[in-house]
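Each of the two complexes below includes chain A, the first together with chain B, the second together with chain C.
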Partner chain A sequence: MAATRMLSYVEKDTFVHHLSGLTKLIFFLAWCITSAMTYDTRILLVMIAVSLVLFVISKTQWKQIAGVFKFILLMMIINVIAIFLLSPYQGCEIYHSKTVLAPFFAGHDITAEELFYLFNVVIKYFTVAPSIFIFLVTTNPSEFASSMNLIGVPYTVSYAISIALRYIPDVQDDYHRIKNAQEARGIEMNAANAKLSERIRRTSAIIFPLLFSTMEEIDVVSNAMELRGFGKKKKRTWYARKKLTKADYISIAATLAFMVFALWFTYRDGSRFYNPFA
Partner chain B sequence: MDKKKSKFGIREVVATGIGTALFVVLTEVQIPIGIPNTALQPRMAVLAFLSAVFGPLVGAIIGLLGHALGDALFYGSVWWSWVFPEAIVGIAIGACAKKLKVRAGGFGRKEAVLFNVVQIVSNAVAWILVAPVLDILVYAEPANKVFLQGVFAWLGNILIIAILGTLLLLAYSKIAGKSSSLEMED
Partner chain C sequence: MDPIISFKDFSFQYRQQKSPTLKNITLNVYPGEKILITGPSGCGKSTIVHCINGLIPSSFEGTITGDLTVDGVKPKDEGVFGMSKKVGTVLQDTDGQFIGLTVAEDLAFALENDAVEQDEMKERVDKVADIVDMKHFLHHSPSELSGGQKQRVSMGGVLVDDVKILLFDEPLANLDPATGKKTIELIDRICHDEHVTVIIVEHRLEDVLWRDVDRIVVMEDGQIKADEDPDHLLCTDVLQKTGVREPLYVTAIKHAGAVIDPGDKPQHIETMNIAPYREKVRSWFESTKPKVRENSNENALEVKNLTFSYDGVEDVLSNVSFAVKRGEMLSIVGKNGAGKSTLSGLICGFNKPTSGQILLDGKDISPLTIKQRGEKIGLVMQSPNQMISKPMISEEVGLGLAVRGVEPDKIKEAVNDTLKICGLYPMRNWPVSALSFGQKKRVCIASILAMKPKILILDEPTAGQDFRHYTEIMEFLKKLNREMGLTILMITHDMHLMLEYTDRALVLCEGHLLADDTPARILTNDELSEKACLKKTSLYDLAMKCGIDSPSEFVDRFIAFENERKEA
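Here is the complex of A and B:
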C-alpha cells in the first residue's frame, strides 16, 4: 500500500496514555494559545523542553513521527527563505536596531536581528508540533469524543467528530483503491509534463467516484443511526468515557498555571518579543 | 419536528463526520501549478460541494475541523490563522444552500452563477483579508509576504472550486433529483 505519513493513535501503557482525552485537549489548546500569543524566546524554549520530556514519558518512538517531522522541516526552510527574500529587515523593525553581520546582495544584508527573528519563527512552530504529536498518538478517538461532550460541546457535534476520526482510515482506503483502479486504466496521476487542465481532469477521475460513494455512505450510516433512535434524547452516555483522576486534575492545574505565568512573563514589559538587542 | 433538530439532525451529524474525513484524506491530493509552495487543493471543491448540499453549520465544522485535523495529521502542526478562514467559505456557501436546490435536482445555470459569485467573494474575504491579518497578528510575519500568499491561495481556490466544485454539483444534482422524484402517470 502507498506509504502514508499520517500520524495515528498507538495504544501504550504510559502515564500520558492514561490521562483523560480532556486533559490532553486542554494541554494542547493551552499550548496552542500560549504559543500563538507569545514571541518570547525563553518561554518558547521552555515549552519545547517540556514537550520533549513528555515525548520521552509517553514512549513515542521516532519512527512514529519521523515522516511528518521531516516534512515540517522542509516547509519551515521554505518559509524562512520566503520571509528573508521578501522582508529582510522584519527583524530590525521588531527589535528596533540593526546589526549588519555580513553583506549579502543589495537590500538583503544579513542582520543579527533578522536571524534572531527567523530563529523565533522556527521555534514558535516547533512548540506546537510536539503537542500535536503527543495528542494524536496517545489519545483514543472514541474517548476523545466523549471528552468533548464532557466540556459542554453538544453530543451531536462530539459524535460528528467521533465519526470523522473513525472514518479517516476507511475513506483513505477508498481513496487508494479508486486511485489504483484509475491508474490501472491508464490514467497517470503523477505525470509531471501534463497540462494543468489535463491534471485537473485526471484528479477529478478520483474525486468524482470518491465523493459519490461518500454521499452514499452518508445515506447508509444516517439511516442506520435513525433506526437506532440516535438524537431522540437530550443526553447520551459514552462507552469510552473515563472519569477524571487525581493525575488529570494536577496536570490540568499545572498546564493552566504555566499558561498564566507564560502570558504574564511575556507581556509584563508591554511587548510580546524578547529583545536581546536593547 | 422541532426547529433545532432540523438544523443539525442525524444526516447533518453524519455528513459532518464523514465529510470531514473526506476533507482530511484529500489533504494529500494537490495539483501543482508551477509556483513553488502553491498548489490547487481539490479538497476545497469538496468543502464547497458539501456546504452547498448540507448548509452552513456542516460547512463551517468541516472547514474548521477538517483543516485543523488535516494539518495536524499530515503536517504535524496547525496553522490556526488559516483554519478560521476556511469556516468563512463553508458558512457563506452553506448560507445559500436552499437557493442552490442541489438536493431537489434544481441546480442549473442560474444556481451555478450564484454559487460561483458567492465562492469568489467569500474566498476573497477569507484568504486576502482574514488569513493574512491573522498571520500578522499571531505570527508577526511580514505583511507583503502574507498578502502575496493570500492572493495566490485565493486564485488557486476559486479556480478549483469554479471548475471541480461546479461540475460536482451539476452531476450530483442530476442524480439526486432523478432518484427522488416520482413522475405522475398519464
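Here is the complex of A and C:
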C-alpha cells in the first residue's frame, strides 16, 4: 500500500535529490529572504523560472503537492482581496502615479498601479511555494534534521521536528482505522444530513481516541529514545548526513551569488519596487 | 563469581501508588546467565526491568529502599544515560521503538547520540546488522519490515553499544508464533555468541522455553515466589498457583495423574524423557470423552470468492470462500500481513471487494453502508484506546444508540441490560479512566453489544493479556456465545485461544485461504503450521511420543477435559 502521501519525501534519482539537505535548506532560506525583501518584478520572475526548472528537474509530481498548493492558492486569493479592499490605492502610493482603468465603487477604483502591485504579491507566493515543496519532497527527513542542526538549530529541536514528520503517516493510518471503527458504530463523518454542530460533536469521537492512542505512542517513543541515550551529549552525529560534494558547493555559491545580486539589483535605486509607470 | 545484577532487600513504590510494587526483592543474576522473569500482570516484573535500566527513578518517580547494584554501579545514581552503556532494553512495542527512518539509521541511533564519527558509525552498524541478520535490509523503512524484523532491528539498536546486559520486556507479545520462535532462537544465539547476560520478562512461558533458560523467577504481588531452574520449577505447582500458564504437555501429564520428576528434563518436550509417563497418559486419553459440539444452524455469514487489491496489481486477498454458522466461535489466524485485517475490513465495509460476494443471513450486503453493516456486525478493535471517546462508561456504551436517534429512555434500558451482561453494571457511573485494561476492553465490547449485532468480530481480543485476564475475557466471550447465541469471529495470534475457545479456524497465508478446519487438526499438521507461521502445539509431540495415533483427537480431548474442569 505505497500510496503517495502529501508532501512527504519520495526517493528519486535526480540531481536535486543527490544534493545535500544543507544545500537545499540554504537555497530555500535564500529564496524566502530574497523574495521577502524584493518587489522587483524582474527578479521575481527570474526566481519563478528557476523554481519551475528545479521543479521539473526534481521530477516532483503534481499529486505530491496538489492539496497544499490549493490551500496556498486560497490564502493568496484571500490576501489579494483583502489588500484591495483595505488599501485600494497602495499601488498608486508606491509607484507615485494613478492610472484609472475602470471605476469600481466609491474609493475603490481599479488602477493599473494597484493591479501591478497585486501581481507582484501574487508572484511572490509563486516564488516561495515551489522552493518549500522541493525542499520537503526531495529531502530525506533525517537529513533534514541534520541540516537544520548544521545551521545552528539545537539537535533536540531539529530531531523533534523530523520525528514528527516521520510519524505523520502513522497518525494518518490510525485516523483511518479509528474513523472506520467509529463509522461502524454509526458515527458518520460524511453524512450529508448532519448539522454542523452535530458533525463537530461527532468529530470528537475520532479525535479523542486518536489523541489517546497517539499519546500512548509518544510515551513509548520518548522512553525508547532516552534508553538509547538521546539528549545525553551537547553534540550528536548523523548517520544520514551527506558529505558536501562539488555540486553542493557550486549550488550554494550560485544561490548566494544570486541572492546578493538580486538584493543589489533591487536596492540600487533606493526603492525595492520596480516602477514601470515612471 | 560476583553477580552482575544484585537486588538486596529491594523495594520500590511508585509515587502515585498507595503500596509498594516491589517488596523486599533479593535476586542475584550472574554474568552470562539467561533468566526468565514471569508472573501475572501487575506482579512487578516490568518494574524490575525499569529499575535495572534506570528509567526508575528518573522517568517513573517513586521511593526506593534497599540496594541494587548493576555491573558495579547503582542505577539510581547513574540515571538512564549512564545505564544505557551497560544495559540494553528491548521494549514490547516494535513500532514505537523504531526511531530511525531506515534500518541503518535506527541501528545507528545510540551511536549518533554518542557523537561517534560517521565512518566508525557505518562500520559498527554493518557489524551489528550482521549479528541480527538484517544486513540486506539496511535501507528499508519500518513500513517495509515485518514485526519480527523490526524486533531484530531493536535488538541490534541496543547491541551496537556493546552492552553487557540485555533486557527484553515481553518480546513475544506482538509476534506471530513462528516469528516468536525465531526471536527466542536469536536471543539464545546472542546470549552465547556476544557473552551478554539476558533477562526476559514474559508470561508466555512455553514459547520462551523453546530454548534453554538458566533460571525462571516467578513473581506475584511484588514478591519472588520461586527462583529455580526450569526442570525443577515445572514439577511444582507454583505456576498454577500464580496464574501463569505452564507448558501444555506438562499440564496434560499432570492431568493424567503422573508426578513429573525433574530428572526427566521436562523443560523441552522434544528432549524430555517420556517413558515413565507414557502408560498414564495413554490410559487417561482412553478414559476421557471426546468433545462434541454440533452446530447445524444456518449460515450467518457467507463469503464467496472474495478478492481484494489496494492498487489493482497485487491481490491482498484472493478468491477466499467460507461460511460461518450462527452461534459459531471461529478464529482467523495467519502471520502478519496475511490478509486477516483486510478480510474483517471487507466484511465491515471499510473497503469494497474487487470481486466476490459477502452474504449475511443469505442476503448480499454489498449495498449496505458501513453504518448499516455496523448494526449487524460489530467490530471490536485491538486497543480500547482506539475506540473509547466518552468520559463516562454508560455514555460510551450508549453512544452507538444515541447517534442512531434512539430515545433516551430506551438507550438507558439497553445500556443497563448490556452492562449487566458484561458485569459492568455496578460501575455504570464510573469514569472510563478508572478502569483496568481488561475492564476497558469489556466496555468496548459492551458498546458494540448495545446495538445487538448478530456477529461480533474481535481483533486480537487478548493481545498483551496475562493468563488470568485472558481467561476472564475469553470466558466472557464464551458466555455471550453460549447464552446469547452470538456468532463470534476472532483474529488472533494466540494458538491457545484458537485451540481452547474456537470450534473452527480459518488459516490465511498471503491472501489465500489455506485451511478451514478444527484447530486441533490444524495445529497437529506440520506442513500447514509451517506454511502459515503457526506453531504446532506441544500436545502433538506429547501424543506422538506416547504412541497415540490420533494426535488431533488427543488435543480435542485435552481441551474438553480442561473446559469441564473450568466449568466444575
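Assume the second predicted complex is superposed on the first by the 232 of 278 C-alpha atoms of A that agree within 3 Å, B and C clash if a C-alpha of one lies under 4 Å from a C-alpha of the other, contacts with A are read in each partner's own complex, and residues count from 1 in each chain.
Please note the rule applied: a contact is a pair of C-beta atoms (placed from the backbone, for glycine too) under 8 Å apart; a residue touches a chain by one contact, two chains touch by 3 or more.
Predicted, not measured: the structure shown is a model, and the values here were computed from it.
More residues of chain A are in touch with B than with the other of chain B and chain C. Contact with chain B, but none with chain C, is seen for A:94 once the two complexes are overlaid on the shared chain. When the shared chain is aligned, chain B comes close enough to touch A:32, but chain C does not. Once chain A of one complex is fitted onto chain A of the other, the partner contacts of A:180 are limited to chain C, with no touch recorded for chain B.
In the superposed pair of complexes, A:212 makes contact with chain B and with chain C alike. Look at A:168: by the touch rule set out above, it reaches chain B but stays clear of chain C. Of the two partner chains, chain B and chain C are each touched by A:226.
Of the two partner chains placed by the overlay, only chain B lies in contact with A:121; chain C stays clear of it.
When the two structures are aligned on the shared chain, A:140 is found in touch with chain C, with no touch to chain B. Within the superposed three-chain model, A:71 lies in touch with chain B and out of touch with chain C [touch as defined at top]. Overlaid on A, the two complexes show chain B and chain C touching the same residues of chain A, namely 163, 166, 170, 204, 206-208, 212, 217, 221, 225-226, 230-231. On the side of chain A, the complex with chain B involves touching residues 4-8, 32, 36, 39, 65, 68-69, 71-72, 75, 78, 82-83, 86-87, 90, 94, 121, 124-125, 128-129, 132-133, 135-136, 154, 156-157, 159-168, 170-172, 175, 196, 199-200, 203-204, 206-208, 210-212, 214-215, 217-218, 221-222, 225-226, 230-231, 272-273. On chain B, the positions that touch chain A within their shared complex are 5, 8-22, 24-26, 28-29, 31-33, 36-37, 40, 42, 45-46, 49, 61, 65-66, 69, 72-78, 80, 138-142, 144-145, 148, 160, 163-164, 167-168, 171-172, 175. By the touch rule above, chain A contacts chain C in their complex via residues 1-3, 140-142, 163, 166, 169-170, 174, 177-178, 180-188, 202, 204-209, 212-213, 216-217, 220-221, 223-233, 235-241. Of all the residues in chain C, the ones that touch chain A in their complex are 53, 55, 59, 80-81, 84-85, 89, 91, 93, 95-97, 99-102, 104-105, 108-118, 121-122, 125, 143, 157-158, 161, 310-311, 345, 348-350, 370-371, 373-375, 377-379, 381, 383, 385-389, 399-400, 403-404, 447-448, 451.
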